[in-house]
Amino acid sequence: MLKLADARRIIDAAEKKAKEIGQPMNIAVVDEGANLISHIRMDGAWLGSINIAINKAFTSRAFNISTKELAENSQPGDQFFGIHVSNHDRVMIFAGGIPLKDSKGEVIGAIGVSGGSGVQDQTVAEAGAGAHTC
Amino acid sequence: MLKLADARRIIDAAEKKAKEIGQPMNIAVVDEGANLISHIRMDGAWLGSINIAINKAFTSRAFNISTKELAENSQPGDQFFGIHVSNHDRVMIFAGGIPLKDSKGEVIGAIGVSGGSGVQDQTVAEAGAGAHTC
Amino acid sequence: MLKLADARRIIDAAEKKAKEIGQPMNIAVVDEGANLISHIRMDGAWLGSINIAINKAFTSRAFNISTKELAENSQPGDQFFGIHVSNHDRVMIFAGGIPLKDSKGEVIGAIGVSGGSGVQDQTVAEAGAGAHTC
Amino acid sequence: MLKLADARRIIDAAEKKAKEIGQPMNIAVVDEGANLISHIRMDGAWLGSINIAINKAFTSRAFNISTKELAENSQPGDQFFGIHVSNHDRVMIFAGGIPLKDSKGEVIGAIGVSGGSGVQDQTVAEAGAGAHTC
């Protein structure tokens, strides 16, 4: 089970990366139930990204997939096109959400990052996920 | 900080432009926190544009970008496709929303215009933004 | 039909009264269709009152009654108790919303005010409604 | 302006108090625009309190009042009864939300706490607010 201490360590690692690349971010971590454990908005990060970061984390745990991969299946004509309006508009289909797994490979939570380009969000989310220890 | 007097001056300039081009508009201004300062619906303007004008202003402040530019990154296949359902469906991804900045270049609010074609909305929003003095 | 010029005159009168009593307010006017014509938030007025002022105006036109009177019928045990969750939570059941009538006594819009005590909101709404000429 | 470092210090102080009284809590801080800066859910805290803590903070900034005081004016028959359905159901009318002020007494944000009894939430919120330095 992911605890607050884990969420904080993951968020700290993501925040460090965001500072390195010079882009303030919103960073969120959800648990096994896809429920928020913690969120931070770095100084100067976009207000609209509060909701997006939290919901990228929700999405990644809700479907056990990165939002970047989900995006590839959710474009017009794709098998999941339209999924973004499900779950009360909480499904984010662009990069920045990554599942977190336990030592058996089971998804036990997720990180969501929003505040820059898709590439930046993904980079920061990966840095956060990298600080997760099974 | 953007005050009501500023919002009124910005709205008046936008309204003047809307009259010039002969297209009644909804015009809204939000502050630094993306919260509404003022809104007008010109006589004969679309009812559906009340919500859109207010939310274009919200969007431009929420992401510190014009909704016209955001639109270019939010089409199918683009890095932000799907962003329009975030933030409780308040993210508008078509022209008519423009950030307002202070003398240091920091975004301190935004104007949103809706009621005509994309070109018309953008033209009127630019006229309003042009009346903003840092 | 209520026009933007009418809404502005009504709002100006309400704003003047709000200044007199020293309480910054949100003030909104809706038309015959209960759709927003104009809104202002005076400097320093509560952020939470943006939504309330607009919805008090909506409510007064939606039921052709002042929100103060509606309140008297909407308490626990009263005939309309529970009405406040109808219409997507837009029904406000406390003072500050007043219908606006034409020369035949037909309701053609409403004013909504929020930002102070119930007595203050009502006082300012009455000042605005007083500037309405059939 | 309230920064992330401020929010963290306020949250840490609240968390410390929550541990002292042995009740895990959700703790949130919003900024001047009533937008979320940071949130934590302590291990074992109620899932339903994520939303409540964030919205108590929203409410305290939205109306520049503690949710405990707002509660006293929002009971059946009171001047604000019904306010809890405004603002898209984000207005919390029970203890645990406290405004944060600057050195001039202006409200620049708020803390919201949820996870225990009203007395416990208020106690923890006060501890957090006490760590706020103008």
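Every chain is named by a letter (A, B, C and D) in the order it is written, and numbering of its residues begins at 1.
Note that in this section a contact is a pair of C-beta atoms (placed from the backbone, for glycine too) under 8 Å apart; a residue touches a chain by one contact, two chains touch by 3 or more.
Not measured: the values here are computed from a predicted model.
Look at the contact of subunit B with subunit C and you find the same residues on each copy: over half of the numbers used there are shared. Each chain gets a centre from the mean of its Cα atoms; for subunit B and subunit D, those two points are 31 Å apart.
Subunit B and subunit C have Cα centroids lying 25 Å from one another.
Computed from the mean C-alpha positions, the centre of subunit A lies at a distance of 42 Å from the centre of subunit C.
Distance between subunit C and subunit D, defined via averaged C-alpha coordinates, is recorded as 29 Å. Annotation for subunit B: residues touching 2 or more other chains are 33-35, 88. Contact topology of the protein chains: irregular, matching none of line, ring, star or complete.
Within the complex formed with subunit D, the residues of subunit B that make contact are 31-35, 88. Residues of subunit C touching subunit D in their complex: 46-49, 51-52, 55, 71, 74-76, 84-85, 89, 91-95, 117-119.
Listed in rising order, the residues of subunit B touching subunit C in the complex are 3-4, 7-8, 33, 35-43, 47, 50.
For subunit B in complex with subunit A, the residues that touch the partner chain are 33-34, 59, 61-64, 76-77, 79-83, 85-89, 91.
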